Structures are given as structure tokens and as C-alpha cells.
Amino acid sequence: MDSPAIATVNGEMQAEAHAHPAYLRHHFETVEQQREAASFGMWLFLLTEVMFFGGMFMAYLIYRNWYHAAFVAGSNTLNIWLGTINTAVLICSSFTMAMAVYSAEKRRRKSLVTYLILTIVLGLAFLGIKAVEYAEKFELHQVPGASFSIEQFVHPTDPKAVALAPDMAEKTQVYFSLYFAMTGMHALHMIIGISILLILVVRALGGAYTEGHMSTIENFGLYWHFVDIVWIFLFPLLYLISRYR
Amino acid sequence: MSHPESQHGSMDLEHQEHHVVGPKVYLLIFFTLLVCTGLTTWVAFIDLGVLNPVIALAIACFKAGLVVLFFMHIHYSSKLLKLTVASGLFMFLVLITMTLSDYISRAWGLW
Amino acid sequence: MSSANTIVQLPDQSTAQLPRKHYLNQELGLKSWLLTGDHKRIAMLYLFSITFFFFIGGAFASLIRLQLLTPGSDLLAPDTYNKVFSMHGIVMIFLFLVPSVPATLGNFLIPIMIGAKDLAFPKINLLSWYLFVAGGLFILAAMILGGVDTGWTFTTPLSTHYLNTHVVTAALGIFIAGFASILTGLNFIVTIHRMRAPGMTWFRLPLFVWGHYAASILMVLGTPVLAITLVLVALERTIGIGVFDPTKGGDPLLFQHLFWFYSHPAVYIMILPGMAVISEVISTFSRKRIFGYTAVAFSSVAIAIFGFFVWEHHMFIMGVSNYSALVFSLLTMLVAVPSAIKIFNWSATLYKGSITFETPMLYAFGFLGLFTIGGLTGVFLGSMGMDVHLTETYFIVAHFHFVMVGGMLMAYLAGMHFWWPKITGRMYPEAISKLAAVVTFIGFIFTFFPQFILGYLGMPRRYASYPPEFQVLNVLSTAGASILAVGYLLPMLYMPWSLKYGKIAGNNPWQATGLEWQITSPPLTENFVETPIVDHEAYDYEWLANQTEHEVKTVG
């Protein structure tokens, strides 16, 4: 029953024996297999992210139909220009991220680092603008739970705004709950993304992704673009309800 | 949208040559996305009735499609990855439609 | 153990030896375990953790049964009882049943069965175990700090507004453990797609792999919805947002929809790996290829897909639309079809097979009978009219315990016994383990069959006391539970015993066909000396007969 196997075969030894590149992990046969597995794994993870945000989109859909007037009122309190600028900022960051992937592909270390840093800067700019918007909500007592006041919706100071019945004005809390839950979750994903980007920059400076192994950059790119896509949907759904009033 | 030269004739279900997408495509997509963002904000100020949310969502879907297809390289990817994206979309639609089947008909016959 | 009606072929015990190097002694020391990337070692880490949680959940179950021995609330105060059954449900479902077979046997066997050296992402596999432990610790913390009494369902607004227990801690624990489950599923899917050995086509995969593939789809697509739902509940409790809160305009039914969107498929996450085990065991101990291999393989995937279309049957009495309930009721019946395909095909496999009755097969027989009863009573509950009468009674408790304990736990024990020689290199003691299987079965029937009757008579679930006329059946149930406890404690005694004193098993004690049986027991860290090349279907006993043990060249 004793195995004739060379039981000491371990990862590194085998990798050396077959003269594989150092980044090929021992349980993969080829670099291509490893790359495909990593990208497939990342896509499956994004699938879970779709379902994660999906629950909140579901809630949004129902409440928007139930409490349309409250959603209009709530949406019109948001600053559409900040929202538009933020969308543009995020699209720019997606572009720089795509260019970072391209640079890694072409093994240009300097431009990879530049594009990654640009992505971080744009991500931080997005979060900065978001913070300004959040701060304004706190000042206007539009944060459910913390200090919500329906007064502004029942007796709006803006002459153009439509006054809501107190009953419907209560429902603006649902809008703001969803607003904070959805943008909050999105911002959390941005923060996680920026943290990872910082690590990537440090490792990219050491040349980690320009030696032919760039699936980490590629897969992080997928994550970053996904976060962008979530915002692409959040922007019209939260900011653009009946703006023509 | 432009379909860059990289159409592979026959695609294996799981394996495909790795394709490098160039800056030209990225720039083109980038500008299209910016234009769409402007467009969606502009359209929001025009009263189109029920069409407003429809158009806003259509633009958002178009933008998301561009990002998925080109920034995320699905246009150049294996059928397995295309199927993965499609299944994510499908499950999201299952969640929406099956839940809505309750919300839409909850009041039927009760008034 | 080598009588005529057995297939067990053990090596000559006087000369037999375990392999000198294998995954267990490749490296030694705690660090080599806690930082391992080896899927077999991670499976063992999971095995220890889920066994620990199983006995915690079991302790709560004993408390429940002791409390229900008498009609009044004599042992526990009613609110303590609420905490006890909640913790029983949370621990058993999220910390035992969901990871039970996939994270232990699945983790151990899937790479070997498809001829790979490891799962696609070993580090993520290890991360998944740490997340599981972290989630478990949060739930334990919630338990020690004073418990949680929402039931495992976290029903709003009860959980968000009316309880002062540790809901957020427990929800956080489930959230984290959920990510462990997502990562396991993700790892399996990528591994099964990308890591198969040359020649291992989809339709040469053992059905064990198919079952896990289907369960993994559910883990990846379902769990995140539970995650976001629990996040919203936690946010509602802590900072007071109002997505489910009726006082702010939220809809508690939306919580139910989102919760059951995961928690119904979760039932299939639990049972599909169990079915996967049963396919292997039944084929091996009746020496036949599984009847209708393709049908069984696709029925796993069909269960996974249909599983997402039926969740509303948990909500028939909650005020959902009657029309929508009608649709969901019909779809629920549809899930019975692939489940029945499996049961019928297993039965057809047994037909004219050379059946032997080793312990795993006894458990598998238990599974067949008990799962069939559990499944059929599920059809009762899926029909709207019956459901209104039976839901929230002990009928439903009996139903899901037949599926989860009678089905899944039997399958888990069948699998543990079946692969024990592969995992440890030694046989468990056959006679006493057969006794344990029979005791488990008898104890199970006595525990849960009376609950069907109790439920039908109208005894509601989740109450600390009940009218005296229900006492006879409750005493029967509690008596059965004590027999059942013996059935579960026995393996805890003889399994560790066998680590030292068990007979040396050899490579293939059951004469089974899977790739895992063609390598040493316990396997090498690398599983295979050379990458195997697969040239035969799964369950090909002729192929096996043509190989003498020493001619196995390709798989070491």
C-alpha cells in the first residue's frame, strides 16, 4: 500500500522542473488556464454583486411605484449638477482604469502607475463630492433615523415645489432610506476599491504586473467597472425623477 | 457602435485567444459615455410623461452595455463569460418579475 | 468483514502500511494547518468546525425537546425558549447544514474527482474557512451575550423594532458566514469548469460533482440577496432607515420576499450535495452505473434553477396576492419532478444490482425513505389550500426535518463513512457503525413522525407550551430524540477511535470507480503523481475490473 510516489513534490519544485514562470501557481497546468480561471472567478464574484445590489433595486422599484409623489419630492432635493459631475468623474476613472489594464498588457510600468494613481484621484474626487452631498442632507434634516423632518415637504419654501400631504411626506423617508442605502453601499465599494488600488500602485511600482502576469490588474479593472455600472443606474434612478417640474 | 476587427470566426465555448483592446476603442467608448451622461441629464428636464424614466433607463442600459462589452472585454471574451453575464442578468430579472407578480396582483379583486 | 455479501477488500492487515507521506503528515505543526492552501486540509478544518457547531445546535435541540416533554413551560421561561429555538435554527442552518457536505467532502473530493491538484483558488478557499469561523464566532457571541429570539427567519418588524436581543450581532455573523459560502461556491464552479483533467468531459464527471456544481450556482446567486437583506435589517435597527419599516412606509412583505429568495434556494444548497453523496454511495454498493446518469445530472441543475422560482410558497398566509400564490404553488409542484427523477433513478439503479449493506449504504437507504416522505409532504405544503392549514404548525417542522435531518444528515453521515477510509486511511469499525445507522434511523422516525400528526392536529410551532392533549405525542418525540442523540454520539466515539485502531483501508476498500479511489489513502498533498488521463465513463465497473491494482499507471 505504500505509495511509490515522489511524495516530496511540492509547488515550487514542480514549477521549477517545468521551467514555468514564477507566477504560475503549482496547481495550474498553463498560464492561460490560470488567467482564464482568475477572470471567470472574478465574473462569478461580480454576479454575486449584481444580486447584492439587486435586492435594493427591487425595493426601489416597488416603493417608487407606491410613493411616486414622495420619490419625486425626494429626488428633487438632490443636486443634479453634482450628480452629473460625479457620473462624469466616475466614467473618467473607468477610462483611466481601462487604460491601466492596457498599460499592464503592453508592459509599460510607468504609464500603468500613472493611470492607477489617476484612478485613485478620480475615485477620491467622487467620494469627496458624495461627502458634500451627504453633509447637505444632514443639514437639511433629510437623513431618516438621524433627524428627519417632513416639514420641508409639507410646506416647501421653494414656490415651484409641490406640497405633499403629511401622509405622503412621511414616505419621503423611504426614498431617503433607499438613497442612503444604495449610494452608501456604492460608496463602500468605492472605498474598498480605492484601498485595493493603493496596494496595486505599490506593487506596480515594484514591477509586479508588467512582467507578463497582469490578471490581478485586469480583474481589479472588472471590479472597478462594475462599481461604475452600479452608479450609471443609480444616477438616473435617484437624481432624475421628474426633473422637469 | 463600431465593431473592431477582432471577430473570431469559431469560438470554443471555454477557451479563446487573449485579446488586447487598444486605447482607440477605450477613447471612443469613453466619449460616448460622457455624451450619454450629458444627454440623460438634458432629457430629464423635458416633460415626456411616462417616457422620462424609460428613456433614462434605456440610456443607462446602453451605457452599462458599453462598459460591459468593451471596458470589461465581454465583447472579446469566451462564450462562457458571455453566458455568465447573461445568467446574472437573468437571475436579477427573475428576482424582479417574480416579486412583482405579487405586488402587481395583490389588490386584484379586492376593490 | 469479508463474508460473501460484502464488497470490502482490505489489504492484508499484518503487512499493510499507510503511505509514508500524505497530506496529513506532509507538514506538521499548527501553522502548517492554519496557513494551508491544501483543499484536503481546509476540508478537515471545516470538518472540525462544523462538528463543533453541530453539537452546539444539537444541545439547543435537546433543550427544545426537554422543554416540550411537558405541556407547561417547566424547564425554560417562554422567552428563553424563543432564544433556544432561534439559536438552534441559526446554528444548524448557517453553521452546519449549508457548509456540511460542500465544505468538507466537496472540498476534499471535487479536485480529486476531476483529476486536479487543488481547487482553482486555494487562498480563497482558506479565506472562506476563516470567514466561516469569524461568522460562527459572531453568532456564538450573540449567543453568549444573551441570545437572539427572532427565529432563524429574522422576521421584520419583529427583528427591527420589537426585540432587544442581539439581532445585529447574529445577522452580522450570518452575513460573514454567507460570504464563506459564496466563496466556496465560486471556487467550485471555477474549478469544475477550468481544472478538469484531460479526458474528463462533463458527462464523465461523477454525479457528486454535478450535484455540487448545481449547489454552487445557488450559493453564488442566492446568498448575496440574503446578505443585502440582513444589511438592511441591521441598518434599520441601528441607524433607523425605513426600507422594511411600516411606520415609515416600508413593506415587511418585501423583507419576506428578499429573505426567501435566498432561503428557499438555501434548502437546495443543503440537499443537493446530500443527493450528490447518495449517487456515489448507491452506485458503489449496488455495483451498477447510476441508472439514467444524464437525467440525474440534469435534474440537479433543474432543481437549482427551479429552486429560484418557488420562494413565495413560504408566504402564502402572509397576505401575498392570491394570483401570484397560484403561480408559485404550481411552480412548487414542478420542483417535485427533478427530485422524483432522482429518487426513481436511484431505485432503478438498485434494481438487479449486487447490493451489499455496508454502513454508508444503510444511511443511503435511510436517506431514500426519509427524503421521499419529506419531499412528498413538501408537495402538501406547496398546495395553497393545505398550506393555510398546515403552515406554522409542527407539520412543517416535521417536513423540513425529514428533508434536512432525515435527508441531508443521513447523506452527510453516509458520505463521512464512505470516504472515511480515503480521508484517514483507516476503516471505521463496521459492526458498531451499522448499529449507529439503525439507531439513528429509528430515533429519527420516533422523533419526527409524531410531529406530523401533532401538526395536523394543529399544534403550532415556536411555542414554549401546548395543550395537555398533545402530550403523548410530544413525549414520544422527546423519547425518539434521545435515541437519535445516541445515534449521533456513537460516530463521535468510534470515528476518533478508528484513527488509531481502525484497519488499514488501502487505496480502494469499496472497489469503487471514482478517481479518488485510485490514489493512496490518505492522498498525497498533490493528489496525483501525474495528471490522470480519463478514458472511461463514471461508474464503469468493467473498467475497474480490468485494472489490477498495480497496473494503475496514470493515477499513481
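Each chain gets a letter, A, B and C, in the order it is written, and its residues are counted from 1.
Simple rule for what comes next: a contact is a pair of C-beta atoms (placed from the backbone, for glycine too) under 8 Å apart; a residue touches a chain by one contact, two chains touch by 3 or more.
All of these numbers come straight from a predicted model, not from anything done at the bench.
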| item | value |
| --- | --- |
| Topology of the chain contact graph, where touching chains are joined (line, ring, star, complete, other) | complete |
| Of A-C and B-C, pair with higher C-beta contact tally | A-C |
| Chain centre separation (subunit A, subunit B; CA means) in Å | 16 |
| Chain centre separation in whole Å, for subunit C relative to subunit A (CA means) | 34 |
| Where subunit B touches two or more other chains at once, by residue number | 14, 80, 87-88, 91, 95, 99, 103 |
| For subunit A, residues contacting two or more additional chains | 36, 40, 44, 47, 50-51, 54-55, 58, 62 |
| Sequence positions of subunit C contacting 2 or more other chains | 193-194, 221, 225, 254, 257, 261 |
| In the complex with subunit B, residue positions of subunit C that touch it | 193-194, 221, 225, 253-254, 257, 261, 308-309, 311-312, 319-325, 327-328 |
| Subunit B residues within the subunit C interface of the complex | 14, 80, 87-88, 91, 94-95, 98-99, 101-109 |
| Complex contacts: residues of subunit A adjacent to subunit C | 1-10, 14, 25-29, 33, 36-37, 40-41, 44-45, 47-56, 58-59, 62-63, 66-67, 70, 144-146, 170-171, 173-174, 176-178, 180-181, 185 |
| Contact footprint of subunit A on subunit C as seen in their complex | 11, 16-22, 26, 111, 116-122, 124, 182, 186-187, 189-191, 193-195, 220-225, 227-229, 231-232, 235, 239-243, 248-251, 254, 257-258, 261, 504, 506-507, 520, 524-526, 529, 531, 556 |
| Complex contacts: residues of subunit B adjacent to subunit A | 14-15, 18, 20-23, 26-27, 29-30, 33-34, 37-38, 40-41, 44-47, 52-53, 56-57, 59-60, 63-64, 67-68, 71-72, 77-78, 80-81, 84-85, 87-89, 91-92, 95-96, 99-100, 103 |
